[in-house]
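So, here come the structures, one by one.
Consider the two complexes below, in which chain A is the common component and chain B and chain C are the respective partners.
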Partner chain A sequence: MTASPTTPPIPTAPDLNLTERKAKPTWGRMGTYAAGIVISLWILIPLFFFFSMAFTTQETVRSYPKNFLPFIPFSTSTMEFFLRSDGVGEGLINSVIVAVLTLILSTLLATPAGYAVSRYLFPGRDLFRLGILAVRAFPIVVLSIPLAVLFLRYNLFDSLLSLALMHTALAMPTSVLIIASVFASVPYELEEAGQVFGATPLQSFRHIVVPLVLPGIAASSVFTFVLSWNEVFAASILTLENRTLPALLLNQLSESSDAYQFAGGFFLMVPSIIFMFFIRKHLFNMWGQVSK
Partner chain B sequence: MAAKPGVRRRIRLTPYLLILPTLLFLAAFFAYPMVQGLILAVYDDEATLPLLDSPDLSGDKVGGLAQGVQLDVLGQQGNRFDGEVTNDLLTEQWFRITGTGSEGAPADGWAPETRVRVRDEAADGTPRGGTIRTKLAAGADPLTDLYETPSESAEIIARIEAREAVAIEDVATLELWFEVVANDDAIAEGATDAQGWVPSRFIQVMGEEGERARVDRGTDGEFTSRFVEKMFDDRKFGPAWQTTLILMALILPLQFVLATLMALVIHARLKATSWFLYLFSLPMGMSDLAVGILFFSMFTSSGMINSVLEGFGFIDDPKVFLSADTRWWIIAAIVLAELWRATSIVMVIIVSGLQAIPDETLEAAELFGASYWQRVRHIMLPLLRPSIQVALILRTILAFQVFAVVIALGGGEVVTVLANETYRQYFGLRNTNVASAYAIFILLLSLASAFFYLRALRSQQELNA
Partner chain C sequence: MAEIVIENVSKVFGDTVAVRNATLTVRDKEFLVLLGPSGCGKTTLLRAIAGLGMADAGKISIDGRDVTYLPPAERNLSMVFQSYAIFPHMTVRENIGFGLQMAKTDKAEIKRRVDESAELLHIGDLLERRPSDMSGGQRQRVAVARALTMQAEVLLMDEPLSNLDALLRLEMRAELKRLLAEVNATTIYVTHDQIEALSMGDRIAVMRNGVIQQLDEPQEVYSRPSNQFVGSFIGNPPMNFIDATLALRGEDLVVKFADSHVSAPPEMRQALNTYVDRPIRIGIRAENMQTLTEPAAGAIPVTVSVVEPLGSQNLLTIAMGEQLLKVSTHPTFSPQPGSDIWLQFPAEELRWIDPETEQVLYPGAASSATGG
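What follows is the complex of A and B.
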């Protein structure tokens, strides 16, 4: 249910081959373009209308019928109204805190594990990978209730840390698999070469591997951030006073105005849109790996 | 296995140390709660309340009463209680008082708070002195008894006149214990007819004179199918799983067609492919709640769909899509929202699968005159089976958990799904055990469907082989 960036699976697929085939324009090609454009419109039109609702006056949001042509009047008043509403500021800050905690925790824990899986052949390695995959397949719904009960028992309920711990458990499997594939893309021979030229194992790791894997690990971290930012079920179950933005929005759905909801929805979407833009080229070497 | 002499297999510790933090974390925050969840669904740790033969925690157990049994109260007694006083306790205060007894000798003993009018308090509210109250009832004994210990069953060590000034030396808090027996109706339904003592914190006393009570919670746990039965009997359970299945049956096929179409567009390697890829995968990272709200903004009666329809003159009045009477429109909106949001992940998996098909295979087919459709139907789709299997498992598991989109579009009342019922049981009804039963039910459905896909798709492959 959650929120994607839904954790995709791990095959060892080759990088996406984006080089175009040299071919003359044909009817088939134009048909493909047409299909691509139609699908793009199916994605874009709802987004366009939604964003214009988030950036217009509240009167326009309430009005009917709306003048959708040529443009809906642009205004930041809806957005300002949302940001000044009760609890929104705190919700945003809580969301950022939880997402950053999740990012730090899961990157710290998953990086060594990813390195171990990609660099060492050890008894139990396949079992570990399988276990990790199984964790990813388990439903969030199933995990949230008992965790809430446990956190209540240990007085960790309604704390941002407890939510971050839960999100870390959710994000960890995908982080491990992505980071493993990032390390796997740096040949071990490079490290060896460094040692041949007199570097200690640690030095060659520090000066050769780290710079090469940093972008991939950064991408995995951002993925974790987005996952935590989006997650709503566990956030609603585990927090009461310290609501994160999605939990706050869900809780307010029945009693808030349309303008409030649209602006809130926009805020929820922003990180993922930026994220997808930066990783779009790496989508397949990152997630292609994650699907078998 | 016989190892070669002299060759010792060295097991390196490093990789184990590297994965240890992850393992420990998952054990603490995944495996342990998972087991707890399973236990919550089938184990009631407050199932029965033991009946004791005396008003004392060390008394012998003479029987047990299930949660909810209606009781008749036969008697009551206070017992010294030293723990923290909470709301669910019924308590009374006793004072140790000193003064002059009815025979002129100094008296020192315990009396209930109700017998003393406090007239002097310390700054912090601690009573320091007062007078003995007059008994108002006609014919009542005018003297007040002082007991050796704060209990009505203790020995009476002195008697004291009414209106006598006394000093309050000590205060004791007593918890009331009740002697109870299950009422006739409960016994007829199978409750034990044993009669015994229970502390007030486990029962709710009712009736004008406090003559009736009900078992609030027990202290002895037991395995029970009560929560699972309660889930199955819940009137929302049927609609919830039916809607979940209907949604899945509507969404999955459409999603796979659309995802395959997207994947074929990407696979065609056009000039604009990287832009198409960005646009197609744009919804992949989006919050399901945000997408729910997005489609709400389209379908709400003053929303974009109505505006566009009216703008082009197709309708005169806005159509109401999302209301209690338009269940199927709500479902249609959910299907569209899920289709919009979650198709990209299927596309990514299918594109990965397509990438693994060698160009030569497709070119060979083209040389032999296979049309595009024939290549898709007879080469790509069969070779994509493993990818489709992975995507199916993933999507089905996620489909059982669809939640925020449903709430955003339907409010969770008219159209409800399993995850929403879990949430409602936990938050609305505060019924953690039944919520756990729902969670476990979702888990079992997920496992069953994953198993089903693995079997179904494998046996087909074997048949083809």
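What follows is the complex of A and C.
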């Protein structure tokens, strides 16, 4: 540098070493991964335990200490024992019937409601939406009590239909919100384009909107199915002879054997797990990530 | 015959009047452009013609048929939407054929027409693809193909080029103009881009705040704007506006700029009579002024402020007294910033504007704001 003594030194760029940067993970990222692994294990290990106990012999279930390795021996005898137990078969059928009824009723009611809320500005619309959100703020158990009282007062108990109505009432708020957002994601301009090109509003709805919202509505109805399937509180109160499976299991909790409980618990879990696998993509979309 | 007659159409949203008493007639097979800034009501008017967002008052007739309150499906028209509105769950072929399918056209005919439209728009190889796999430019072609397949007598286009990048827009503009000349439908084209309007329209309706300011051929709208807004909106760079005063100098009517004055042409004498000794505003376009390096009779001394070389021309920012003007010159004329030059204003290029009403004054009868 041929600078005179009074001029400041010429600055040079810092050595960033860009090629090496990418390979080194930061401590923050490693911490996130570690936390993710711990939380996943915390949830998965009990599930795994359940799974292995449900598919082994009853002696193994009763034995102590437990073998660390799973499925030794692998046996379906526990499951068979559970499924053949008194009331389980009927309970299963009842659960399915109630869940299907709930699914149909709530989808039939929530779809037009969701469409109206997303497309039309009607007086009271904001109040309606706020009301739906407010209902969701309360735990389902809390909502079940006054509803159950109402049902009992009108002699609507111990029938599968009344339980389905109850479940529909509980599931509707979430369904309407999900379906409204699904409809909102279909730009109204698409319906308008359909109309310009010769479709009546109904045809436009059928050919353009329905195919686009079907996945979202399907996700919402599966959610409703699982909600009804797992619902135990109202089912216990409202049914006596026609018990659903969760109500049955809850009732026999103090008397049933461990094996019975493991098998029952696993059986109750299965629909939820399957459901989760199918709607993972939709959950990501609702969260904000767009995945193909 | 697909003449569109719009009579006193108004549309109100709450407290805002989006379109106010719009009256115009689109001739059969004419290409009419609705031009204006955002919020001027051009899209609202187009949608009223389409049947989406129907008029609150007035009458719209297509081919003699009153369609004001008919649903869009019964109006027998086609539309290209600004965001294309392509159906995401259908293939390109199904998209293009949608209108014909709704009309229950026979399958072989649908296939033939879809193939034909796809060829016209050069998307023949995209027919089995889905919209999510395509670029914006390709989707735009699908939207146009879908509209053309209907072979409707009326074609509406809502800013179809505005979502394309600049180069693509330039190409598509020319291609669209050529294509639509062949198609020969009565077309209404909405845009905020005055270059598109000038290049494509048979006539332009300039709108502002819901009111049609001027309806004329492009050259007329450019060189004889009806008011200051039209003059400033059309043309790049916009028209210059200079505030001055009008005075009587013997027999001559002259406009005074700083220390200089320019004579008004004789045909303007009558129209300008009432403005003597009052403020007047002069409009003149950048390319209509002469630049001189030496003083001459009738030339105004000015100072060069900025010189912007644009390749095909030089855009000079000139200080004349307190006011700034844009003057465009040949690219070889490159004075130094701060130097003095002289401007000559050809009298016939001056536009005379009432500073209060902002209307442009023309000799003889007042120029019509909504020419028919």
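What we mean here is this: the second predicted complex is superposed on the first by the 235 of 292 C-alpha atoms of A that agree within 3 Å, B and C clash if a C-alpha of one lies under 4 Å from a C-alpha of the other, contacts with A are read in each partner's own complex, and residues count from 1 in each chain.
Definition applied: contacts are C-beta pairs under 8 Å (C-beta built on N, C-alpha and C of every residue); 3 or more make two chains touch, one makes a residue touch a chain.
Predicted model only: the values in this text are computed from it and were never measured.
Student: Counting only touches as set out at the top, which of chain B and chain C does A:276 meet: first, second, both, neither?
Tutor: The first partner, chain B, only.
Student: Answer with first, second, both or neither: which of chain B and chain C does A:197 touch in the superposed model?
Tutor: Touch status of A:197: second partner only.
Student: Figure out whether A:261 sits in contact with chain B (first) or chain C (second), or with both, or with neither.
Tutor: In the superposed model, A:261 contacts chain B only, not chain C.
Student: Would you check which partner chain A:187 touches, where first means chain B only, second means chain C only, and both and neither mean what they say?
Tutor: second
Student: Would you sort A:208 into first (chain B), second (chain C), both or neither based on which partner it touches?
Tutor: second
Student: One more residue to check, A:127. First (chain B), second (chain C), both or neither?
Tutor: neither
Student: Using the superposition on chain A described above, determine whether A:47 touches chain B (first), chain C (second), both, or neither.
Tutor: Only chain B; A:47 stays clear of chain C.
Student: Using the touch definition from the top, list the residues of chain A that touch chain C in their complex.
Tutor: Those in contact with chain C are residues 187, 189-190, 192-201, 203, 208, 211-212.
Student: What residues of chain B sit close enough to touch chain A in their complex?
Tutor: It is residues 11-12, 14-19, 21-23, 25-26, 29-30, 32-34, 36-37, 40, 258, 261-262, 264-265, 268-290, 293-298, 300-302, 304, 306-308, 310-311, 318, 340-342, 345, 348-349, 351-353, 355-356, 372, 386-387, 390-391, 393-394, 397-398, 400-404, 407-408, 411, 418-419, 422-423, 426-427, 432, 435-436, 438-440, 442-443, 446, 450 of chain B that touch chain A.
Student: Okay, in this complex, where on chain A does chain B touch?
Tutor: 1-6, 8-9, 11, 13-14, 16-21, 28-29, 32-33, 35-36, 39-40, 42-44, 46-47, 49-50, 53, 62-69, 108-110, 112-113, 115-117, 119-120, 122-125, 128, 131-132, 135, 137-150, 165-166, 168-169, 172, 176, 223, 226, 229-230, 232-233, 236-237, 246, 249-250, 253-254, 258, 261-262, 264-266, 268-269, 271-273, 275-277, 280-281, 283-284, 287-288, 291-292
Student: Using the touch rule from the top, collect the residues of chain C that touch chain A in their complex.
Tutor: 50-52, 71-73, 77-79, 81, 83, 85, 87-89, 98-99, 102-103, 146, 150
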